[in-house]
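The chains carry the letters A, B and C, assigned in the order they are written, with residues numbered from 1 in each.
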Amino acid sequence: MDRHAPTRWTTFASPARFDRLAAAVARWCWAVALVAGLAGLYVGFFVAPTDATQGEAYRILFIHVPAAWLSMICYLAIALWSVVGWVFKVRMASRLARALAPSGALYTAMALWTGALWGQPTWGTWWVWDARLTSELILLLLYLGYIALVESIDDERRAAQAGALVALVGALNVPVIYFSVRWWNTLHQGASISLTAAPSMAQQMLLALALCTVAFWAHAIAASLTRARAISLEQEADR
Amino acid sequence: MNVLARDLRAAARHRIGWLLPLAFFVAAASLFPLGIGAEPALLRRVAPGIVWTCALLAMLLAMHGMFSADLADGSLEQMLLGQRPLTWLVSERVFGQWLLAGAPMVLLAPLAGLAFGLPGPAVLTLLASLLLGTPVTALLGGLGAALSLGLRHGSALVFLLVLPLAMPTLIFGSGAVLAAMNGEPVQAGLSLQGALLILTALVAPPLTAAALRIAME
Amino acid sequence: MNELSSLLQGHGHFVWGAWLPCLVLLVAEALLVRARLRRARADAARHLGEESS
């Protein structure tokens, strides 16, 4: 059944082909992550100037912002790939969704951690219940729920389908949750507390942010593709 | 099969089943004055959130095993194979469970409100917000129960899955009561809850039915 | 180096308290996920070996 047709994306539904593609892409992405990360670190700490209002503390945003972005993107990717896997019955898509979850959860936790540490110098407390951070916390719970459910089900097909349902419900709920948290924020504090606003960005700051964002993306892609390869092998062994 | 009638008859025979979550509600709510002190002004301020949180947790406690009994005695398979659409059966089940767990809580809540020193208008708003919010929790609880059917740690899973989804209705509900306490209009919170109820009532039962099919394949 | 020392004074410990754990976690995740893949491949190879023997 070896078709020498030009590469259609559906050929990567085959675990073997996915494995080869994933290996190549991941290798490249690890390299990009390393280079962009080191460059971003350098620019972020040694080139970008001190901020007028926040001093040095603002440099946390070089991790906080990409981590928060990736945490949301990964969740949407989980919803997308698991629904693709469910509707088109592509096992590899479900495995990719499953592989994204631990990385996404990690980035969410990092966004929360750095957010808290950013709030401390400016607000004086270790946690700020602002709308964005609280939404990130709820997102972390959604991730944990997804992971807990999928890991509790032994049958791969049931796990994939249940996971798709949970991810879909979660993704649909995210706007509702975000809206309700913002409503809650204004309700309880009058003038809404919001986490330190990003400083108006000098060019070098933007460069550092861009480099760190690229590094995060590359890391996320490499880690989840590698994990997907591992999951695929593990699941095949269990069948 | 008439799921609703069956459930109500079974509950009438086995009263402990539906009294337990209510007892939990009372016990949990009582923890807070013990924990944070009985200063009336403080209790009054935190009452909406506390009553709402305890009601939410008690509802989930009542809902998390919604389908386990049917799984055990084989009637779940009958429901899947039967002629009546599964979505409808699910709706009946959720409604029945709400009647047994949610409705009594709505009736109990004013007592809790008074115990925390809530003023009259706030107690009425509390009643309304629970009336709108407990069905949402019941619907979400049913979805969670169906997803984690038969799994080990199923009950903990239901809580983890459903609590984030139930946060909006908690926010709107307790927010409405807070508004009532401050003399502000309550329409905002209550209408948001109403909208959420309609949305959930339309979306949750079919998804729950799908989850049941996934669990039973 | 001037930047570094001014960093470590003032708000520096927050910055490092935020950055260092995150960098460590990112590197750790990369290493762990590669180790998981290696383990999975070793197990798969072993299974194939057992099946054919």
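Rule of thumb we're sticking to: a residue touches a chain if its C-beta (ideal position, glycine included) is under 8 Å from a C-beta of that chain, and two chains touch if they have at least 3 such contacts.
This is a predicted model, so every value here is computed, not measured.
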Moving step by step between touching chains, how few steps can get you from chain A to chain C?
1
Which chain would you call central, comparing Cα centres to the global Cα centre?
A
With chain centres set to the mean of the C-alpha atoms, which chain is at the far end from chain B?
C
Where chain A and chain C are represented by their mean Cα positions, the distance between them in whole Å
16
Separation of mean Cα positions, chain B and chain A [Å, integer]:
32
Averaging over Cα atoms per chain, report the distance between chain B and chain C in Å.
42
In the complex, the residues of chain C that touch chain A are 3-4, 6-7, 10-12, 14-15, 17-19, 21-22, 25-26, 29-30, 33-34, 36-37, 39-41, 43-44, 47
Touching residues on chain A, where the partner in the complex is chain C
30, 33, 37, 45-46, 50, 55-57, 59-60, 63-64, 67, 102-103, 106, 110, 113-114, 117-118, 120-121, 219, 222-223, 226-227, 229-231, 233-234, 236-237
Residue set of chain A touching chain B in the complex reads 138, 141-142, 144-145, 148-149, 152-153, 157-158, 161-162, 165-166, 169-170, 172-173, 176-177, 179-181, 183-184, 187-188
In their complex, what parts of chain B are in touch with chain A?
143, 147-148, 151-153, 157, 160-161, 163-165, 167-168, 171-172, 175, 178-179, 192, 196, 203, 207, 210-211, 214-215, 217
